[in-house]
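Notes follow once the structure below has been shown.
Per-chain numbering from 1; labels A, B and C assigned in written order.
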Amino acid sequence: MTTALRCVIFRDLLLAARRSSDVLTVLLFFVIVVSLFPLGIGPEPVLLRRIAPGAIWVAALLASMLALQRVFAADHADGTLEQMLLGATPLGVIVAGKVLAHWLATGLPLVLIAPVLALQFDLPQELFGVLTLSLALGTPVLGLVGAIGAALTLGLRGGGALLSLLVLPLYIPVLIVGAGATEAAASGLGGHAQLLLLGAFLVVAAAFAPWAAAVALRISME
Amino acid sequence: MRKSGQNSPPHRERCISQAAKVGSLEAVDLKCTRGERTLFAGLAFTLRGGELLRIAGANGSGKTSLLRIACGLLEPAQGVVRWAGENIRRLQEEFWRQLVYIGHANAIKEDLSAAENLQVACTLAGLRVREVEVREALVSLGLAGRENLPARVLSQGQRRRAALGRLALSRSVPLWILDEPFTALDATATDCVQELIAGHVARGGAVMYTTHHEAHISVRAALRIDLGAI
Amino acid sequence: MSLNWFKYSSPQTFFPLAEKLALAFGAAALLACAAGLYIGFFVAPTDAQQGEAYRIIFIHVPAAWMSMFLYVVMAFWAGLGLVFNTRLSGMMASALAPTGALFTFLALWTGSLWGKPTWGTWWVWDARLTSELILLFLYFGFIALQAAIDDPRRADKAGAVLALVGAVNIPIIYFSVKWWNTLHQGASVSFTKAPAMAATMFAGMIVMALGFWFYSIAAALLRARCIMLERERTTDWAIQYAKGIA
């Protein structure tokens, strides 16, 4: 089972590396959306410092959603997904591997570039740690829960918009807790509670989401 | 490092015959509906090791659906498919470990080379194959010199050959289900694949396939089901 | 008793029963709603702080209760259909969704109408209203997903997965929104700080809730009949029925 898991992760990372434009587009989208907030709201430093965690988190949410199509759609189109359904490894394990590779390729870059973007908002540097950690814990949850949505909407017309409608309500708790972590740290309360909660979300999502996505995949592939 | 004389294919062939005695694909009272049309109903067959089953029928008669039901990808509206006496829906991975399914789609990633594609496909199917074996398989299907090119640059026929290369690596897998394997293949490749299928059946494996070409596969036990005539 | 249940688990036998039940529950709904509105608008006393405007609570709170209750029931039926592969359960779930969405919208709208005279704004980001808004999105997602899938069996199963995932998430969503609300001290308005419940007020809300519940059953059954006819339109009984009306 671990051989197959490593094979899937390696395969997906290799594919992401060979088609790096896909991955870079998501990253650029993230950067652009973050930049839209000051353009829409005004460049007042005090205001920007206040909205920074929220704005960065919303942008990360939207970028994650944009990237979700990549998880299953390509494999579905060329028939490799079908072969995974007929594999010797439980589909949940394969889905977990794909989501992990997907996060490494699209989620991790967001986490790494977030502090740089926080500079644009003049967020105090001592908050960078909490912000990065909240994104590091939160973006995998977004990927895991989003994978369920991606599996349900596989091959449907209405594609991206339908996926957003399904998945965004489920993303909201992660957004509230994730952005709340940095805000709590900013107001001096410390973001520990929120970070722990994010960790709990991650554990629960990692345990259940791959299995739910596997069920959804079998339904969509009938 | 294995010594060349100790590949022991007889051992593997014996395994297939034993498995095939136990593992036979049995379909009982299958009914398939696509949308509102009933494609077929009351379909039953048994496919044992050493037998070749051809599903024939006009376009749209449900050949692909039947194959997918036999694989376990599609749930029939009625009826059950059994492998070695057990419902395949319950066996799941246990059944799939004994199955190779090659559908219409090649299941080839364009950004990977043919060799990488085969390696991944076999690993996910639970087969341990060495690089050498993968290369040999591709060469035997006429892709010598093209194993390491990204599949993007291969022609349709070459991609189909790469997909079918899996068969050369699946000699120990009892059940082969092939959906139009000869599509896009030229005469040489068609002969090669027919030989692979015949060889597998001779070794005690079971093959279920559909084709529009009049295939010449010489086996001792050849069955045929005509959909649309039911 | 178990024999009786399975007798009605096929669309053909459930169809006529659904009509009778729908009419019965519809009548009961009219009575209960009439009674509830009477209690709400004439019997319950005027509130000391909010005057007459608070009376919209008799629609707002039962509607909110119904919206959450119906989601759980919908998820239950959908899950049943997924596990036992029964067609009727999936049809019930699909039939419940629009009614659930309606009550969610009603809760939001009446909440908004309550907010204006009481706190001066048409929308308040309080915990319950925000949760209701997210619940509305969950309903829309379910309806949209089923609408986008042509094959009814795939639509039922996919909807079931979505409804179950949503149902599991509802407590998480509710608590995180509540937390968010308390963190951001700006919103000191809260519908939970409603007028202290006099017994009559509570009775009024319960009666309205019952009325809404009966209405939901009636509406869902009628909708389920339409779904049954549509999906089973090639079967004999459906053709007979259609000929009978025509």
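Going forward, a contact is a pair of C-beta atoms (placed from the backbone, for glycine too) under 8 Å apart; a residue touches a chain by one contact, two chains touch by 3 or more.
Note that this is a predicted model, so its numbers are computed, not measured.
Whose C-alpha centre lies nearest the centre of all protein C-alpha atoms?
Checking distances from each chain centre to the full centroid gives A.
Select the chain at the greatest separation from chain B, using centres from the mean of Cα atoms.
Measuring from the centre of chain B, the most distant chain centre belongs to C.
Any idea how many Å lie between the Cα centroids of chain A and chain C?
From the centre of chain A to the centre of chain C is 32 Å.
Based only on mean CA positions, could you tell me how far chain A sits from chain B in angstrom?
37
Averaging only over C-alpha atoms, locate the centres of chain B and chain C and give their separation in whole Å.
49
Using the touch rule from the top of the page, what residues of chain B touch 2 or more other chains?
Residues of chain B touching two or more partner chains: there are none.
Could you list the positions in chain C whose residues touch two or more of the other chains?
Residues 151 of chain C each touch two or more of the other chains.
Could you say which residues in chain A touch two or more other chains, in rising order?
If we look for residues of chain A contacting two or more partner chains, we find 222.
Taking the touch rule as given, give the residues of chain B at its contact with chain A in the complex, in rising order.
71-75, 93, 96-97, 99, 101, 103-112, 116, 120-121, 123-126, 150
Quick check: in the complex, which residue numbers of chain C touch chain A?
134, 137-138, 140-141, 144-145, 148-149, 151, 153-154, 157-158, 161-162, 164-166, 169, 172-173, 176-177, 179-180, 183
Going by the contact rule at the top, pick out the chain A residues touching chain B in the complex.
3-4, 7-8, 11, 14-15, 18-19, 75, 78-80, 82-90, 94, 221-222
Which of the residues in chain A end up touching chain C in this complex?
Spelled out, the residues of chain A in touch with chain C are 145, 148, 152-153, 156-158, 162, 165-166, 168-170, 172-173, 176-177, 180, 183-184, 212, 215-216, 219-220, 222.
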